[in-house]
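Both of the next two complexes hold subunit A, though its partner changes from subunit B to subunit C.
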Partner chain A sequence: MNRFLLALSIALIVVIDQAADAAQVKAYDIVINPHGASLAAYQVELIAEDTHARIVGVEGGDHPAFRKAPYYDPEALETGRIVIAAFDTGADLPAQPTRIATVHMIEPDKCDCGYALDLTVAVDPDGNDIDADIELLPVEGETR
Partner chain B sequence: MKKALRFITVAVVALLVAQACTRKSEIASSKDENNLPPQVLSRNTLPTRPDETIAMVPGDTGDSADQPGQRRADLDAPKDGNKVTALSDPAYVADDLHRLRRVRRVAPAGRSPGLYGLSFMADGGGRGQQPRTHQERGENDAALPIGLEPGEELWIVAREATATAGTDESVFTSLEAKRQGSTVEIPLPLKHTEAHAQISAYIASVHLTQQYHNPFSEEIEAIYTFPLPHDAAVSEFVMVIGERQIRGIVRERKEAEEIYANARSQGYVASLLTQERPNIFTQSVANIEPGKEIDIQLTYFHTLRYERGEYELVFPMVVGPRFNPLGSKDGIGAVAHGQYGASGQPAEVHYLPPGERSGHDIGLTVDVDAGVTIESIYSPSHSIQTTPKGPAKRHVVLDPSDTIPNKDFVLRYKVAGNTIKTAFLSHRDERGGFFTLMLVPPESLAQVPRSAMEMIFAIDCSGSMSGVPLQIAKDAVRRALGRMTPEDTFQIIQFSTQAAQLGPEPLQATRANITRGLEYLDSLAGEGGTMMIEGIKAALDFPHDERRLRVVSFLTDGYIGNDDEILAAVHQRLGKSRIFSFGIGSSTNRYLLEQMAFAGKGAVAFVGVDEDAGRAVDGFYESVEHAALTDVEIDWGSLGVADVYPSETPDLFVGRPVVVSGRFDGDRRATMRIAGRAAGQIQTLTVAADPTDARNEHEALAQIWARAKIADLSNRMLRGEKSESEILEVALAYGLVSDYSAFIAVDAAERTVGDHATTVAQGVPVPEGVKYETTVPE
Partner chain C sequence: MQGAPVQLTCLERDDVDNNGDVDIRDAFMLAKAIETKGDHELARDIEGDAHLDMDDVDRIACQAVDLGRNG
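What follows is the complex of A and B.
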């Protein structure tokens, strides 16, 4: 009987701990459509609606101009904002919709987490603002 | 609800545990069977644990495979003509092999055949076989004698039975090995480190790439504990998987560790960088699939040392084996490779025994832009190739023949002119202005006559100093004694497990007493642990001779794990002493020695095992002998300076500038006035600072300032102040690793198969000049 209670208790602790610690790992692509203009630099701001969601990585994009992992602002992170930015001074720049970054997130278990995404700035090589669109696309889970 | 459930559950468990205590003996018996302590293996104490087996490295063991109850398991295809073969109980070949670990190599190379002959005793179905010495067991057993040929090694492998350091994962060490001459190369996850340093003025920006791979057939987690300069502001962390680059995020350490554990358990590739000491870091990379490679790129910044007319860049390559006092729970463990958790410390460095090495090597390039003509450049530690790129620039490459990471890389260069000038660098961004100032002592300091001295030499005579390092320490003291005058007094203290000294009180530096001191020096030998606290007590805890300047000189490699305890003791016991640390060895604990000298208002010098100690010693004691510029105060003029670190400006010694960092809001050229006292005289110098001059710009200054502030806050903690939250705040705001913050990177886009990876620690060599036998506990 005692052994049964012990086993039950341990199982309960394990279940509770797992519930408390469980988290889902998800990635989101950030795609910018510069509508034919050459995209030389951007800054985006992402805010998670669930305050427990945490960014755990920022990945570079598809186009060679933005393949390097973009920088993030650590001070903004302290206020719950994810601010990332990148620029390229080369001649080969994307003018069509392109994934400029992927954000890697860890979210509370079963969270249908929403994000507010804002394209703070997008400019061409001359520093002129581009009227670009931005989109956040969840990456479908892929197992290697 | 969860809290209530947890409370009830914990209460039930407590009740049951209390009942269980009445059956103490039964539990103890069970524990003994399943959690045996690490065994010390020798010819007479070969393993007797039921879940152990043995392997021969390299070579084929011939007919032994036919022994009843056993079968051979080839663990790897032949490499370079060598093959590794395990004799293994069939009950735990396939599935369990990845959980095996190497316990100890017991047969040194070169012994005569048969000396370590073993017999295998079958036990029922083959479980519980016990290898024993052939001689001990006699011929009546169903013996399987295994004679070792010269050069062969015997490995004992066993299932993991003890907790790992900082992880609950099982561990193993591959049985795969290949022989290169007299050295066996062990396959380990860290394949290569590539470092590139860019020096501009007196600031180094270092980009480091660690290339991990998985040479095994199962998914692994790689753990590597490695050194960096203690003032390195680590501000970039990128995980590279194929062509994909994922930038890591700085988070509170506890949170980063939880995220890492969560991602690891779910099968995601993840990496974590934590700081164990300001100069020791641990890199963890989870879920590296078989055959795959993952690179970790780090960027850090730090200021160069300037000493005796030369700038010095140091790139440490290996952590020396630390000694932890009994009962220490937050030290840095030194363990034989594969002995996970054996030290009982939260962080461990795994050392490869003599004759073994990993395939890990290092590539290193340095681009120096000194700003003024470079007169000479050399490395006292490594072979280098140097290419001039103009009068003020050099491109330096580590020679391909010198790429084993077992000692600090040291690069020194001298610029034109006999002395350098105090140099001001600045940077301004949206956060405001940041600067560093290399404060150069006034030349007139060298003319100030010295006072009579009370010289205390505290020599580390522990096992790690045995051999060349201790010889260098003795030479240094001999040389220093030769410079003393009869007005001076001296004392020689030796410390290892305990401390002892030449006499009850300091001796007048007469010819006869110096002879006595030299004889005492000759009698010193290196053995035992490093109870540095005993040396601190012996050197600092006796009445001060008011007529003399007391100078305490520690001569040590600094291989201890209780750095903070020692530094706190220095703060508490310093009194009127000044501490001049003398670091000896190829991979010295520079953090400890620098901090001891800083706390002791003194200076530090280092000498490698390959260096001419005489020149270093003379230069060092020349600084000691001249008066210091004390009570240094800086009038910053119109620069609008705040938040300067270190918060107490150190005293200045001849030929030894110090660097201070701060913030400013001025926007025009200013004149700073630096004043101090030397031998009762006021000495001053003025320095121009121009934050608008683009030549003074350096983008790393914000991180360098933040790291200096963290170091200052950490020093306050040693004096009992609470600074944890402020350190964390600075680290998070400036994206730096610290005691309380860590870098985490997770690849959330792809998930590997499975939810478990076996932990493999990167084995490293002991530093050059250090004996494995006297420093890595058996």
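What follows is the complex of A and C.
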């Protein structure tokens, strides 16, 4: 009986280990370049192209105006699509490229996952649209 | 004779900048208006509780990122 339990435990450990290996955790910085204009509010939609990639977390950015975690729908967690947004009514706003958020993903093992990123709102302190670019940058060393 | 009262839909009420869409810009503009003018000067109470405040801003921001609306 003890040998049976030992064999069962080993089998379970192997299965769990293989399951853990079947996915990788990755983080991506979302960077907005407002090209010299003050960025007061943004809204971004991120969609994973691989249907098995899942969003597991969102954190705020570098600049004090966007350091707090942005608004997002909690229903987006564990799916591959999210809309994130934030604003700041203060005077200290980023005008140079800045990380506005980081998203944490679980991706299938060895997936070279692609993402569609759409900057739907980027406005200055008066609410006017600004010409801004957006980038998704993998965070080095965050894969495991 | 008075006309029939107009019932605004939730979307219309929250579209602060009247651009036909509820997004973070609406929340931002409302937050700025509250900060600079004070809620007593704003014409409408979006939340419908006769008091315009940052809860209204949060509610609009949450609508902006709601996947059900953005689907």
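Quick note on the criterion: the second predicted complex is superposed on the first by the 115 of 144 C-alpha atoms of A that agree within 3 Å, B and C clash if a C-alpha of one lies under 4 Å from a C-alpha of the other, contacts with A are read in each partner's own complex, and residues count from 1 in each chain.
Note that a residue touches a chain if its C-beta (ideal position, glycine included) is under 8 Å from a C-beta of that chain, and two chains touch if they have at least 3 such contacts.
Just so we're clear, the structure is a prediction, and the values are computed from it rather than from any experiment.
Note on subunit A: of its two partners subunit C and subunit B, the one contacting more of its residues is B. By the touch criterion stated above, A:Val83 is placed in contact with subunit C alone, subunit B being left untouched. Of the two partner chains placed by the overlay, subunit B and subunit C both lie in contact with A:Tyr72. In the superposed model, A:Met105 lies in contact with subunit B only, and not with subunit C. By the document's definition of touching, neither partner reaches A:Leu137: not subunit B, not subunit C.
In the superposition on chain A, A:Ala116 contacts neither subunit B nor subunit C.
When the two complexes are overlaid on their common chain A, residue A:Glu45 makes contact with subunit C while staying clear of subunit B.
71-72, 75 are the residues of subunit A that lie in the contact sets of both subunit B and subunit C, per the superposition on chain A. For subunit B in complex with subunit A, the touching residues are 2, 5-6, 9-10, 12-13, 16, 19-20, 238-239, 243-251, 255, 258-259, 262-263, 266-268, 270, 289, 431, 732-735, 744-753. Remark: subunit C residues 17, 23-25, 27-29, 31-32, 35, 61-62, 64-68, 70 touch subunit A in the complex.
By the touch criterion stated above, subunit A contacts subunit B in their complex at residues 2, 5-6, 8-10, 12-13, 16, 19-23, 25-27, 54-60, 67-72, 74-75, 77-78, 102, 104-106, 139, 141-144.
Of all the residues in subunit A, the ones that touch subunit C in their complex are 40-43, 45, 71-73, 75-76, 79, 81-87, 89, 120-121, 123, 125, 127.
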